[in-house]
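These notes are about the structure you will find just below.
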């Protein structure tokens, strides 16, 4: 994969009257995974949203390939994928349509076959043509994960990707992350569940006190 | 770039097609609101003819207003809006695309229904044509200006007032010129002036609205 | 799941299959006879000329539009009270036909009004309440279409139907009264003076034809719905082996 | 026969547009409904058949 | 039992007070719709006076409809509705409470605003009073019947507009009697008959609506 | 606690075109916990909703103290608490207000002090007076858990109570369940994460194939 580099300097985040964190910084290169740790309400989600450019930090700057991300929106948007607490899938579309539309909006083409394969890989082969609204909690999460796989981004920012997944699902996500990092990708992930990523270059970042 | 733009439009139209029920319902809303007025004000034909154009225009405005609040809200709730904002293309392209899709979905059908409603108010033929024409120029304005309001309402909790406050007054010129054009026909005073003013207003909204609502969107999602 | 619950659809399906051709044939014959009387036997009206012939389609359609709504409400009530699937299915199968007749009544009324009153539409009590009836039909259909789950959609539709049927008379009288209150209306429904026997007969025959037609179409629709709802049962599975 | 000619029949004493407009629309509605109903039935049949074949056993 | 009922009301009023913005929106919408009419139909005073009561009534109807679609929807989305349904009290108490809360929140303010709007249409004093009176009897009907629609469309995509479609036809008698009462004053034909019919309609809705919407709610949440 | 007994007989559930499960049955007595297991989309949520009476089964019946639950709604509503995928808290109210309102709707009185204590117990002492909308994902879940504690129900039906909770949160929930069962309560719970309930009378139920 193309070389990339994410640098965060001196980030601070304020919510309401409270300072969630400050002086937070890290560097992330190809083939590395960053594990963001911290209890409930410490500001992990807030941090990830800053990292992907959805909200602005109270202080500090995030750079992608040396440029602040708010100035490199186009390139950063192409090379980064974000998976938040919300799944980002449309209830009225089938999983396949969801994947294809998401790809088209990201400026990529995704043919039927690839989409189907991705969905099969996340274990949704039986739910290909029902609207996402009737899927179970975990199945919706899986659709979002399939979207992540097909996006082909260099940097993944994952906010609790394991919520609602069963044991197979967790193993699958671990494998996905491992494959991506080994292939030279970059991953930022937060989770409360144990995540077995042994053998990878891992960094850890603690948020909040 | 262009592809992204068309994908946005196609996506919204597809979603609307999936919920054909919703879409038809919105059109029926328009019909019903217009039909309620005679029940409120009485059946006298000459009076109905005078208020006809105004009623149809106000109803069109309400119908577009009603469907607007879901322009971004649905996408916001399920997280797809975040994903689209993270896409590599300018946000104003997104807002323009969504406004146009809104017009295709909600504006065009109004044009088809309006003459039928006009008949219920006994409007003469030329007035019917003018009604359609004025709506054809006017409804895109509603979609464009409305997208600003929809973007603003997203984040600001209880910004609802602000939007009604901001957007309905902005609609007023469209209403006055639009209904005025039809009445110009009824009263025989002609309606070129109103039509060209309406056109100018359309141009202006086309230029400005996408930028403003893109900015509003960024602020709201933060 | 007791026997009675499943038994009725499975007996209904083949029975309806036999009845449909019967009703269709009746509808066809009656329609032909009715049309013949309307166009070739009934004389010209001395007041309205030939235009009055619209009545032979307008009045049956108007009757059916109201009658079908009441029948739907009847099935809905039974369904809600005894939880029988078939009643919901019947209520649902009737709605589009009812809406169609309402539309026809409105359309033919408008095409009648133009030559008689010089306007396609006036806000007369009868016309207005027919229009509202149309909205009610559309509402029920929109609600049923918006709900995917058949059980929920049946019940929701049935409830709306019942509320509607209570309201229809109230709406009718309120509208009637509203209209007589304002004396502004320059036109009023010009009734044909003592209708000749022959016209009455033609109308009755046409109404009967419409009735038979409605039954036939509703049965076809109900059969498809039964198939859909009962697809897990053995008899439907066996049936699917054959031809439609 | 109360009509002098077919032409008179179609003209309906000047009310041709209205009479035939009414009867025509009725015919269209009925034909349309019959078509829709039959299509619905065929589609249901085919869908159920397909579903039965795909069923995991 | 009674306590539950009052808690339901108190809760909804409290929530409305928290989101004052949304609440004001509905009132603003009412004002705007009414004020839009003179712009759409022209300023002629006698005509405005004739259409005044009807316009105010239709606007009240729309304003109450607009706020209706959120009657149960918000609670449904965040799971509180499930919790309330699981409470040990009859569901019809819940629906009645919510309908009344809706009236307190959205109906009462209309009563206060309506006379001001009536003045814009040159209504004489007695007509203004009658307008308030008829709205006072009529708006609870809107809330009650509306709760049926809100319950039926719960959780459906685009429920908002669907509610309108289902409920507007049912509102017709309220509209006719209500606007009729005011016009009875204007034309000097009196308005007792309309008022008592309106009252009867209110009684009927009060008796039936809570049950029906409780049943609908159960069906919808399933 | 008062003796209770939940019996489910021969339950079946159909969703869309698919039969999720059938012939499912169990008995649950005081002091017992029932663990519902099954991968994503097998029908756990659907089962729990049937058990608490929110939806009707395609076949079979659920009995509480011998009576079908749809006939004993009042009593069952008083003695059962349900926690679903949705938290059931209002975004615009503070956590304290949420708890007190929920209690009032359930016909109980809850004073300020008790509510505050419950919230402190679930670790929300710092978020008492901010609207729930600004809470983090895990913090909202905790508010719902505090509500469960204050409800004082005999039977708890919990659908993935651990989603979004950090390590302390998980331990807390385990402790809650343990205390409740030991005191004679009944718990039905589903989760994909490991749940340490050793020492309790546990039953397990597998949903779906």
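Structure notes:
For clarity, chains are labelled A, B, C, D, E and F in written order, and residue numbers in each chain start from 1.
By our rule, a residue touches a chain if its C-beta (ideal position, glycine included) is under 8 Å from a C-beta of that chain, and two chains touch if they have at least 3 such contacts.
All values derive from a computational prediction rather than experimental measurement.
In a homomeric contact, the two copies may use the same or different surfaces; for chain B and chain E, over half of the interface residue numbers are shared, pointing to the same surface. With respect to chain F, maximal separation of chain centres occurs for D (centres as means of Cα atoms). Think of chain A turning onto chain F: fitted on CA atoms, that turn is 180 degrees, to the nearest 5. The largest tally of C-beta contacts between two chains is found for B-E. In whole angstrom, the spacing between the mean C-alpha positions of chain B and chain C is 35. Annotation: 48 Å between the Cα-based centres of chain C and chain F.
For chain F, residues touching at least two other chains, in rising order: 16-17, 85, 92. Counting partners per residue, chain D has 51 as the residues that reach two or more other chains.
Along chain C, residues 135, 138, 142, 146, 148, 175, 178, 182, 231 each make contact with two or more other chains. Chain F meets chain E in the complex at residues 52-56, 73-78, 80-82, 84-93, 97, 101-102, 104-107, 131. Per the touch definition, chain F reaches chain A in the complex via residues 15-16, 38-43, 45, 85, 123, 127, 130, 134-139, 141-142, 160, 163-170, 192-193. Across the interface of their complex, chain C is touched by residues 20-22, 24-25, 28, 32, 35, 38-39, 42-45, 47-48, 119-120, 122 of chain B.
Residues of chain B touching chain E in their complex: 19, 21-22, 25-26, 28-29, 32-33, 36-37, 39-42, 47, 50-51, 53-55, 57-58, 61-62, 66-67, 69-70, 156-165, 168, 172, 175-176, 179, 183. For chain C in complex with chain B, the touching residues are 119-124, 128, 131, 135, 138, 142, 145-146, 175, 178-179, 182, 184-186.
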